[in-house]
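Comments concern the structure below.
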Amino acid sequence: MSDAPRDPVHGSYHAFYGVVRTFCGVPLVSSRADVAAADAVVIGAPFDEGVSYRPGTRFGPQAVRTAEDINVTGDRPSMHAGIDPLKELNIVDWGDIDVVASDLPRSHALLAEAAGAALATDTVPVVIGGDHSLSHAMLQAMHEQFGADGYSVIHFDTHADTGVPEDGEPPHGTPFRAAIERGHLKGSNIFQIGLRGTWPGPELFQWMREQGMQWATMDEVMDRGITDVVREAIHHARAAAPKTYLTVDIDVLDPAYAPGTGTPEPGGLTTRELLRSVRSVTSELDVAAFDLVEVSPPYDHAAITAMAGHRVLLEGLNGMALRRTGRDSRHEKP
Amino acid sequence: MSDAPRDPVHGSYHAFYGVVRTFCGVPLVSSRADVAAADAVVIGAPFDEGVSYRPGTRFGPQAVRTAEDINVTGDRPSMHAGIDPLKELNIVDWGDIDVVASDLPRSHALLAEAAGAALATDTVPVVIGGDHSLSHAMLQAMHEQFGADGYSVIHFDTHADTGVPEDGEPPHGTPFRAAIERGHLKGSNIFQIGLRGTWPGPELFQWMREQGMQWATMDEVMDRGITDVVREAIHHARAAAPKTYLTVDIDVLDPAYAPGTGTPEPGGLTTRELLRSVRSVTSELDVAAFDLVEVSPPYDHAAITAMAGHRVLLEGLNGMALRRTGRDSRHEKP
Amino acid sequence: MSDAPRDPVHGSYHAFYGVVRTFCGVPLVSSRADVAAADAVVIGAPFDEGVSYRPGTRFGPQAVRTAEDINVTGDRPSMHAGIDPLKELNIVDWGDIDVVASDLPRSHALLAEAAGAALATDTVPVVIGGDHSLSHAMLQAMHEQFGADGYSVIHFDTHADTGVPEDGEPPHGTPFRAAIERGHLKGSNIFQIGLRGTWPGPELFQWMREQGMQWATMDEVMDRGITDVVREAIHHARAAAPKTYLTVDIDVLDPAYAPGTGTPEPGGLTTRELLRSVRSVTSELDVAAFDLVEVSPPYDHAAITAMAGHRVLLEGLNGMALRRTGRDSRHEKP
Amino acid sequence: MSDAPRDPVHGSYHAFYGVVRTFCGVPLVSSRADVAAADAVVIGAPFDEGVSYRPGTRFGPQAVRTAEDINVTGDRPSMHAGIDPLKELNIVDWGDIDVVASDLPRSHALLAEAAGAALATDTVPVVIGGDHSLSHAMLQAMHEQFGADGYSVIHFDTHADTGVPEDGEPPHGTPFRAAIERGHLKGSNIFQIGLRGTWPGPELFQWMREQGMQWATMDEVMDRGITDVVREAIHHARAAAPKTYLTVDIDVLDPAYAPGTGTPEPGGLTTRELLRSVRSVTSELDVAAFDLVEVSPPYDHAAITAMAGHRVLLEGLNGMALRRTGRDSRHEKP
Amino acid sequence: MSDAPRDPVHGSYHAFYGVVRTFCGVPLVSSRADVAAADAVVIGAPFDEGVSYRPGTRFGPQAVRTAEDINVTGDRPSMHAGIDPLKELNIVDWGDIDVVASDLPRSHALLAEAAGAALATDTVPVVIGGDHSLSHAMLQAMHEQFGADGYSVIHFDTHADTGVPEDGEPPHGTPFRAAIERGHLKGSNIFQIGLRGTWPGPELFQWMREQGMQWATMDEVMDRGITDVVREAIHHARAAAPKTYLTVDIDVLDPAYAPGTGTPEPGGLTTRELLRSVRSVTSELDVAAFDLVEVSPPYDHAAITAMAGHRVLLEGLNGMALRRTGRDSRHEKP
Amino acid sequence: MSDAPRDPVHGSYHAFYGVVRTFCGVPLVSSRADVAAADAVVIGAPFDEGVSYRPGTRFGPQAVRTAEDINVTGDRPSMHAGIDPLKELNIVDWGDIDVVASDLPRSHALLAEAAGAALATDTVPVVIGGDHSLSHAMLQAMHEQFGADGYSVIHFDTHADTGVPEDGEPPHGTPFRAAIERGHLKGSNIFQIGLRGTWPGPELFQWMREQGMQWATMDEVMDRGITDVVREAIHHARAAAPKTYLTVDIDVLDPAYAPGTGTPEPGGLTTRELLRSVRSVTSELDVAAFDLVEVSPPYDHAAITAMAGHRVLLEGLNGMALRRTGRDSRHEKP
């Protein structure tokens, strides 16, 4: 409660102390009008009832928001992008949706409504999960706003999340199939990057082919390089539809970089590969919705996964700021 | 951003999600008038530059505030005390003082000013440390408000914190001696509980005796029982002065109960012993200032130390609520 | 695959290596007839969708079963009880119920069916949770078998778990109220031990009183001693009904003893208090069903909570063995 | 104990719950005939008495077997290799050898016998360590079956493990020298990949050169790329002998990827480099024995090392499946 | 390399920094004469090959020596005992015996020689384990020096460690039986405190009775109180022989107090119970040898077990100092 | 206290046991003459009062010195460099400077004096931090010895550490600006590698440009490769001045490789990139002073950060040994 201008009310000058912990210290919304006026709204989705293996991602929004070591200065200039999203964009924080533990349908409905409210006013919902079942809500909201022809999906993940919904598959592994089957999403509008491991199997891959889905496994990333793969994904998305939904499952990273997640799979991306990729996508495409899911704090010693997740969000915002200002990415040079 | 009345703006219905994390969800102050109107004000003191051994207590206020698993319901009824401090008292949260890392004198000065502002309006500062050097600031504020004759100290701790200030002693081990030597505190007004280990040595104990200080080592606690010792301390404090400063170093607990602290010493109190003791003190004495110090999150696996610290504060408030309402403690019976 | 007689097939001689990990190495059931022939059947209930705060107890059954450092020798003699439950009782392991992540009703139904099958043949279901919402299933099965007049409940817990089911309360906090309201359980047949903290509040306690529920808070445990409290609980249960359902939430222990749990509350029992209490209950009452819930491995550094849970189960079986053989408890003396 | 066909007896449908935890859920052997009929047999070697620094790898077999998040579906299709080893190969699990703690010679003898039994029937022993001293047993068994001229060794490791056995060197650092000196292994048949750090020194390297050993340090891996190095190793092994023993010490990975190991050395391989390398070796050479050693759970926060070890084994089996079916590796493409 | 007198060479003024880390900063021995001149010599025994379950105690000596937060001031005054063992006794540190990993007989032989050298000059060996198999060496040395009639044993432990040596029992569970059978120790001279759990079983207890061994289980400790039990043990030892060997297995503590140990068993002593007990033993009996075993750092989050172990040693030395000076224990009073 | 020649006094033969823990077992200095005679002197700087975020690096020197698994054999041959710095160079260990907790100016003064004493005799101070504020002392000492024109700086770090000293900036973020402003360092003599994240912002970068500072962000490292960037830095330094100060902040590594640090930033170097870079710098330039800072043990599970830090120092010494002997780097080949 210093009288200094920088932090008039809520406590400490430092973001990592104090009691108000919005993403990067942006304002909390106090009305729907605040959301409508914003370029982007950060929304927490603290649930993990859809997880098949290690739970804990209900604490993901809190962990990601607090995974930062910098002062509340009102800026976050990127030396790599040469831009400051907090200055170029009007970004606000909604807080978390009002979950009730063990009532996943309620959580999905609240998220769909919140994301839909943002989309309706051309505000990008930037959602912090929570488990990947939240894409059920996001895809519903995207469909309602843009129609199935109106948007593509770029999806970083270890898993394709195309499990058969009615087959006892936990919901964090099914959103993309469910949306296709409901007609909410065109299969040929999806591009997935980072697939590896033992799931899906041949039958699901065959189904994915029949839908026209596109993807690059980690083997392909290793052969071609991440830059080339991402370039193809952007090209594909641009051709498919005017809008894009970008969804990043933190388990696309190797467990060395992201131990704190629900279903880790060895052999993944490095953080620096992912950060550049996300920035490329948001700077080159009209990303209407963006989320970061599956950060699971109980397994996240020293919080390195939450930090990586925070930077994924910030890089995405850097790209958006470049696109909206029409400026080129340009890193700080001597 | 639900439209429901309970949580109109700041996000989730649950205290353990969302972005505003005041102590027990009490209101953040927005002006000095808010402080003046309150019965108690929670103040975070996030620094650890005064620590001699394991640092980390700078993250104590954040960890203690978030160490709770209960909803923001506006109540915290105690089944043991039969009272709800959030309903009986007007409690607010100041946030954290505006520290600058490595500038300990600045932090002390800001804390002394904040605590002094509260004391001046008969509002109890309830401070979450931070290292125990914060008692330098607290004792200065108590002295300014009440004079050396006007207050006693009840001090739960492993260590007497009576090191010689000018002898290269880290400041978290010196506040009580420093205050006595400056005339800010009467030695005979102090009662310490839980001392053990190898410090202080005989010379310091001799000096303490010469000041008229009172204490009970853990050996004495084991021989007489904690209830009897606390009864004596309360009796002594009541006789000494009208007001009391209650300061609880979490390391008074055994390291099994409080691994997350800077200078753990095996052989201490159990949490249930400490909780009852703190409630007794605040219900039977006029506690004008109260703090909880030395919770160190980096060493606090599963956050059990932070949780214990949170409950120490809440039990203290339970006792204050009993005293201010004039009611008897009475636990819920069948 | 040694040819030695001790461990003919499943691998290592040591329980803590090898691939078959039943509770204490008892046989896996291969048919319903195996269950019917047994005195007790261990059932794993690996779910945590009912948790309000820290999830992870879905890994509880696995962690509790493997929390032992002793050989597969076919015996577990208790030096305190002077009996070996593995020799006196026919104990088998059902494995885990076939959960599907995020489908809690299915898990409850499967557990109710499994427990009911055991009860129907006078086999004690010994359930390893999982979250405490499993008591919904257990109480349903008890009611079906014995009727509401036919059984009492002894319940060790920090929380009364009498939340209003229809009020957005996560299901691990509601089973006892739900069962009373459905007529599955008589309120006056319940005795709860270890309640503390801030929940329930006065209204819920009043409702509990109106049902005739009995309980002892931790304050009462401290005042009277655990032995006296447990003696009263046994007396009450014996008077209420012929059969007893014993349910132990590991969070009745202080977080120092049980950091790995979903909703820890400082100020609880010590492990040695709990172990003796559980043995007393099962040796003096006809315990028809028994469970141990809320062990949460992600927060359980060094697995000390899982170990405590394992010993709670074993002590319960020690008591059952004493009762069924009609022998007195008698510890090994020089 | 569901009556459903998928999981008739041993408990839960999910591999990560339940009480039988074989590698990938393959059948436990019940007789030597089962081993003889199999293509590969997984054998646990739970000992660590041969470790020079951090012990704990005695818990390696258990940790590696349980380091998986997928259902017991009877398949593990590889999207990278385009094959499913559980369908193409007959794989069984022996359990663990019957170790007695602190009796390392006994453990080695049991492992040599078990591996020898497998080799005698053309079944590949797939051993999960345990410390690298297990190669003493593996090399003995390889020599007995194939003679020193009959097999090569491909060895991924930070350390050459060519310490002088008689010089007080802990046995996990000596197996390859011991075998050469006993005439069980031709030095020129060995190719080591990933050497780095300060051991061996020049004298040992000189001795290695004199034996005709081949190796690539991490510096060479960085200069040439892992693909080129592995290609040379395969070429060398194919020219040397008809059979190959593939041994992977998990410490060949950088400690970021494998913190849970006994003698970590910074500067190693990434997991994705290792996985592709292992698959190349087993698909292009006739690997008669295969092991994965030195996973040490006590240091393995979030189990990421155990997961990497599990995937190393599975990738090795993927390669074997390709070779035995004569199919080409072919990853899933859109 | 300050020129200040206090710490002329070895680095920092603080024990917890710097490069020489003897126990409490006592001098390192530089010759056998130093040992002969001392009252007590601290000896590290860094091995764990004798452990049956969790290894890691090889790092015990290092962890215990560094588990202190106090300056190298040359004193360690006890406020409970009113004495300073560093001033009253001549204590030196031998360093660690020169173990070779996996060669347990060598380690035992070196320890027996070192302890024997100390005993021969009436210097108390104060050994930091290492696993409890080190008692094989200690009992051999005691027997050689005093004969089987010349000493008693007071043994704090969860386990009786009377396993049959020839029966595949890991050596940390056998030393007391082995010594009795070799005639190195009279069974009736042993008193064990803290036994609990499932081992030994009735047959071993019967064998123990036949030897005349004395013990108190945890149940008995709970019934009679630790003070009374220890009084009986001291009385028994005094009657049995002139000298005493005091051996403390840290697992006598409850796992809450000592998570970092090899075979934890819930339901044990608290640290404050153990500290007073050890001081009583060494102040009232002529303790000729003393050890603290089974501290296992990999499982010791925040190092609380190592700290407890350090204080056990220091309390033992406090008692010795009282006895050798003939002074009464007397804690610091106001 | 073996009588064997290898380890006459200080305890065990193994560096990772025993009580004297100098860096790589080199001798402790006993006089200033020892320093003067040495090629390099390791100095511990155990403080962290200058840290802005996570403290703990006060335990860095201890952790780095003990982060090794190899015997005290008197050698550390590098298989990559083909040289042994312990044989080619006279390296000694000073121990730690005599810090007093919370007195940062005192610590800086002591370090400046120690480093200055080394520089004065052409002995390279090799400092283990401690937080990066220690560069204040190092730059002061470099300036005093060589003048601002006499040395360049190569600086591996996430952060430029050019914060404005007078603006409440914690001192670990300001040393390079402070030195430039005091005329102790020429801005154009600095080359920084690894910058990333959100600090500094455009104004600071502009100031840096005006000073002629050189740097390469992580984006540039990714585009050009680390080898090319380091080559440019060496070229620049060689042209600037005859001597070089090499300072490595461990947070230049990605948090996967260095979780144990104060201000981690995702997206950094891999350890193997850093190790080769450091060796290149010390082998090609006349490095007069060298430090490794910001290793923070409380966050360093399994000590992988400390190990990486140890190897950074050793690689630096490898390069120095190559340079001083005039030999070429040459790794061990078959």
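Letters A, B, C, D, E and F mark the chains as written, and numbering starts fresh at 1 in each.
Going forward, a residue touches a chain if its C-beta (ideal position, glycine included) is under 8 Å from a C-beta of that chain, and two chains touch if they have at least 3 such contacts.
Since the structure is predicted, the reported quantities are computational estimates derived from the model, not experimental observations.
S.K.: Just to be sure I understand: going only through chains that touch, what's the smallest number of steps from chain C to chain F?
M.R.: The fewest steps needed to get from chain C to chain F is 2.
S.K.: From the C-alpha centres, identify the chain that is farthest from chain B.
M.R.: That would be chain D.
S.K.: Counting residue numbers used by both copies over all numbers at the interface, does the chain B-chain C contact come out same (over half shared) or different (under half)?
M.R.: Both copies, chain B as well as chain C, present different residues to each other, with under half of the numbers appearing on both sides.
S.K.: Quick one: report the Å distance separating chain A from chain D, using the average Cα coordinate of each chain.
M.R.: 37
S.K.: What's the distance between the Cα centroids of chain B and chain D, rounded to whole Å?
M.R.: Using C-alpha averages as centres, the distance is 55 Å.
S.K.: For chain B and chain F, let me know how many angstrom lie between their CA-based centres, rounded off.
M.R.: One centre to the other, that is 41 Å.
S.K.: Give me the residues of chain E that touch two or more other chains.
M.R.: Residues 16, 52-54, 58-59, 100, 254, 256, 270, 299, 301 of chain E each touch two or more of the other chains.
S.K.: For this entry, which pairs of chains touch?
M.R.: A-B, A-C, A-D, A-F, B-C, B-E, B-F, C-D, C-E, D-E, D-F, E-F
S.K.: Under the definition above, what is the set of chain A residues touching chain C in their complex?
M.R.: Against chain C, the touching part of chain A is residues 48-56, 58-59, 100-104, 133, 168, 170-171, 298-299.
S.K.: Across the complex, what residues on chain F touch chain D?
M.R.: Listed in rising order, the residues of chain F that touch chain D are 16, 69-70, 75-80, 84, 254, 256-257, 270-272, 275-276, 301-302, 304, 307-308, 311, 314, 331-334.
S.K.: Considering the complex alone, what residue numbers of chain A touch chain B?
M.R.: My answer: residues 1-2, 4, 7, 9-14, 16-22, 28-30, 32, 35, 44, 46, 58-59, 61-62, 65-66, 93-100, 110, 114.
S.K.: Give every residue of chain A touching chain D within the complex, in rising order.
M.R.: Residues 52-54, 195-202, 205, 208-209, 213-215, 217-220, 222, 254-256, 259-260, 262-268, 270, 299-301.
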